[in-house]
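Presented below are the structures under discussion, each in the form of structure tokens.
Consider the two complexes below, in which subunit A is the common component and subunit B and subunit C are the respective partners.
What follows is the complex of A and B.
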């Protein structure tokens, strides 16, 4: 059981983290690989900042492999350095070592929400945990929008959880500015580059690429898709070809939270029970079906059917429906959504802190402080890229 | 922002209040905390006048004109920039947004703020030196690039002694600052073609002796970016004179031939685009021709195997084939 001392509070995040870490590569020692990031353009390492013996996360991007990505990564670093909010990812230092760009960030002990779903919560996170997480994400979005940016890549893999259970939004390389040419634009039209892996989360108006363009409300739609992702375990539209995904979104079919009010239910004989979606002429595939404003029905929950036997609160259902409205005008802003009754649940239900809700997942806080593997900086992949061209000597 | 929405402060009042607050901050007396708060508050008011908010449109042109005039008369822009490091994190960004908006102001074809800054070049010099300070470097960068859009301002910056500090800024170890400085540096050297060409011609020796250090930098990103920019500069027809001069120097050729063999494929590729200019030159000076001749067979062999996996890049393959043909056909100059 992961227990958190009562008085354990997150450090007053932003200001104390800024200048502490230096850009000198010799002051960092890598201990192990945590995973890939940024569409596999980078690797994440668990590392130690030697002067203070602080465990940190170090991302390495091989710039000799990156082509267009180089600009994206550069923009991400510069943008992130100009944002300061407890729920927005922090970059403590960024420096060049050989042909790598290294980015130092605080260690996120629970990893990303996608990691949590993949490893432990394949059918979705507990509702109260989601309430904690989405509230933090909304705080981040509220800040980002007020600073004049659209995030454009809200998804579980871009939500990181630190050891205190605070959620932090990352993935800013897809963000775009609302403030352009000295003016605050009401709508933008640019399509994010190299975003193919984010398509399922993007709003219909962004995907349509029409004259109306889109604005920060696009992020609220992505948040709704993310809410379903966190609740259901898998990302909506996961098995859809992109064209079908787009058609469904444009026609207003939004993903839903899967529980017994929205799941198609089968009796023991395999016969389908009455499904409210059918009445609306919607596809029976619950993942992409319309908003299931079920009547709650008779509660004949099925044994063994995890998704079909659980029940999310109406607050949560309403929340995701609000985000996933087809017309961006109707979607509430981040500031308005923060007042939603869904976020009062944890207090009303006397919920334990997030780390306990994530039990049995154990955070990566106990770091083995070893420095021996730092020679790994000169990666094997790097050596493979050496062409056999150095044998030729010019005669000057 | 409803918090301040009700206040109907006039532009003159906001400018006066902000100036007093910044001065207090500069003096650093005991009321520094209050001063910080006043600076933030008035900056936000000013920003909202210019940009509007989610529920209010920007102020009318008359109000904006008044605000601009007050800013010029009070010399507040310079004061803000000089004290940028004392202003809090979000306030720094508000300064940049106010500055960038006011800078774009137009009356017909005139840009009054640009004219104003021409009479106060200290504003530009202070911004350029902002790259010396970590905590304001990126804010200064956004303002500098906005200034560089105007030829008159770009000229002042290019011809100032401070310009040569960029060769240092683009190489600092903090990646975000170095790459931001590089964007500004590139903007200054490429935005206004005639101005840039003239600057490069007049300052050829100084610029290229500095540039040489970037090409030899230990920092991979600096090396790659500066090599790429060099290619762009030399291939721009406005810089014909500069290009001719550059490709007459055998040391430059040697450097490029060595960079063709660098470990990094991207650097090899960028070096190719500079190297090709030496070979394509129909009037190769003797020392250049001699180096190429001495390495004739090796170069043909090398180029034949060079980046063969770029089969889909037609232009590159055409250029490569052309270079190989040129080098094969090289003949020594007749003896005199």
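What follows is the complex of A and C.
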């Protein structure tokens, strides 16, 4: 574990990490694959910008494979370039190489939150780490909403963490504009295209596609689902067919944070097999009669294990419940949620900075990569590619 | 519309919409076993022995169950409308959860319409290559040879301009609203013409709106694609709606300029949506064509000048004098949006539902939450109650189609019966229809006790057999 030097402070914005990046493809040396994104149409590489010897992340979209996504990718680049916020992803350069679109972004040393969950925290991240992450995401959402956009794809794989422990929101290719013809709309109605993979995170009102429409409060619901994802290790509705997920949301069943307060039967027997997602809002005898069986257990290792001893604070529970309310009018805005007591926890509990909370995850920093000499760098990169990184979702 | 109702008389329970006969068929079969009513004239016959009086609260309906049915990966919903070629129903893509509409075409029915099959083939070929925000998108085509049916999956629209006009007392839009639609119509039309396509049937009924309020030109059933090597836009056939036809077609010209046909129809459409009137009318098609042929019409006084001039330009009797698309786009009325003074005409509710909720949801609710479809308590209601609902203005709104109530019921059910949500069984693979005897359309009901008996549908009146009549 390489800990941060005491006096090292995060830069104001992550785009000043490596200075200026040019659009010349020959100046980038790709070393290893970090992950996939965009339904295999895109790949994320670890690369070096040769003029400054800076490690960066380079995302390559195959234009032949990503035909349907081309508009989204184009919009993402245009929109991201217009935004400037420490918690919103940065695009340093974008260019076309053969039949690929290449997008250069700063290297996010801890990868995406989905990576962290998949590789190290299968039962969920520590609560204090989640508080740090969600606060940064809220800052990003507040900024994006005030710019008149709805993100529409808030999920763990779209939250990246840099070496200083700052969370950065990505996945802007699904965003849509709330301002139309110069007028701020109360609601919009467009259904995001090629959004199949994000469906589980989307709000009931967006999925309903009726005349009511939806607005930026839809993102707050997605944030609630993401909170559950970060806490539980697996995404809510993961095993549901999309149509069942839809009816569940329309009927107002919201996912919950899984601990022994939301699933009391675990503390008694520890061998119940019903789906904890169903527990909320159901009479407890219904649970004991094995109601959730047909929904299927998700094979999460939490069952009967860590869940019995785990307890999230009431602050966190209340925070997720606020976000996951069925009526969008009742959900607080991003600015209001930033004042929630959940975000005062780290300070009150004297929490160490996020990188330490994520111990023993080793970030992909310059020090680790040893970029002082480029030979070493490629050596490490080779070793990196030996690791099982291909399965990770680095979707930004 | 009339053939597909949410309820059936209690004696006849048919769940399969295949068995619903066409209106004519139903009427013809309904009376086939009745003798001609010559006996009514018999002096000594008391009519009441033949016609039993039935009080409206003695006719009992059973609420139709919302059985989930799939076509490929699409879950079927309720009827959205009915055209000459067949029904249009709402569907939900079970993978992307995106609302869509499906046009169901029966070959049996198409054969009876002149050029029916040809028109459909042409529409498919045309729509497939078109892509523009203001032209309806064809997303998928499914064919069931066994049932001789074709399914055209299209973008979902909540309503059309015609329904909106009819829902208002004056049958017209405020100018600013009409302007918005007209501009979109011109955008779509310009695209179609750029693709060498003449729509030939522009009218409010063929202009639909999405949830976001985007206008979609639909129904390219009679559209014509110009030959790639054609010198100009000369056409020889016109099949559009009579009231929107230009003088050259009304006068029976052998050939005419295609693009100008669409300009004329768009002019009639603009006239119609801004005044609530038609420039040409007639008791029958001959009178109508006579009037159109003369090309004389009046624009109501309330229509002021930039618009008046535009209408005159678009409704020129001589196609050569008629405005071109470019002239329209440069016209002062087109360029300047009228002030938003009057209130917007909204899209009217569908069967009482102002929000236009997904009609697929109740079917999904039934599929996922009702434990055993056969054991569910049947719901009954009487003709009397039905009439009462109708009187209260809940036209076509019967309990089975009221979402909130149904959900409440479902929720109550769930709690009381402790039933659990059902998952799609893995073997009921979406779109994997090959397993099902190559049948593209299947009912995804969990239990296999599905009734396939072909029963003759009858109206509630004919259920009551007339015993004296039978004997005679």
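Operating definition for what follows: the second predicted complex is superposed on the first by the 318 of 396 C-alpha atoms of A that agree within 3 Å, B and C clash if a C-alpha of one lies under 4 Å from a C-alpha of the other, contacts with A are read in each partner's own complex, and residues count from 1 in each chain.
Keep this in mind: a residue touches a chain if its C-beta (ideal position, glycine included) is under 8 Å from a C-beta of that chain, and two chains touch if they have at least 3 such contacts.
If you're wondering where the values come from, they're calculated on a predicted model, not measured in any experiment.
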Partner chain(s) touched by A:246 [first = subunit B, second = subunit C, both, neither]: second
Partner chain(s) touched by A:188 [first = subunit B, second = subunit C, both, neither]: second
Partner chain(s) touched by A:238 [first = subunit B, second = subunit C, both, neither]: neither
Touching partner for A:64 - first (subunit B), second (subunit C), both, neither: first
Touched partner set for A:93, first subunit B, second subunit C, both or neither: first
Contacting residues of subunit B [partner subunit A, same complex]: 50-52, 54, 58, 89-90, 93, 97, 100-101, 103-104, 134-135, 138-139, 146, 173-176, 178-180, 219-222, 224, 254, 257-258, 261, 263-266, 268, 291, 294-295, 298, 301-302, 305-306
Residues of subunit A that touch subunit C when the two form their complex: 188-191, 195-196, 199, 207-213, 240-244, 246-248, 250-251, 278, 282-283, 285-286, 289, 291-296
Subunit C - residues contacting subunit A, complex: 75, 92, 94-99, 156, 158, 210-213, 347, 354-358, 361, 364-365, 367-369, 407, 410-411, 415, 418-424
Subunit A residues touching subunit B - in the complex, by the definition given at the top: 14, 18-19, 23-24, 63-64, 74, 77-78, 81-82, 84, 91, 93-96, 98-101, 147, 179, 181-184, 333, 385-387, 389-390, 392, 394-396
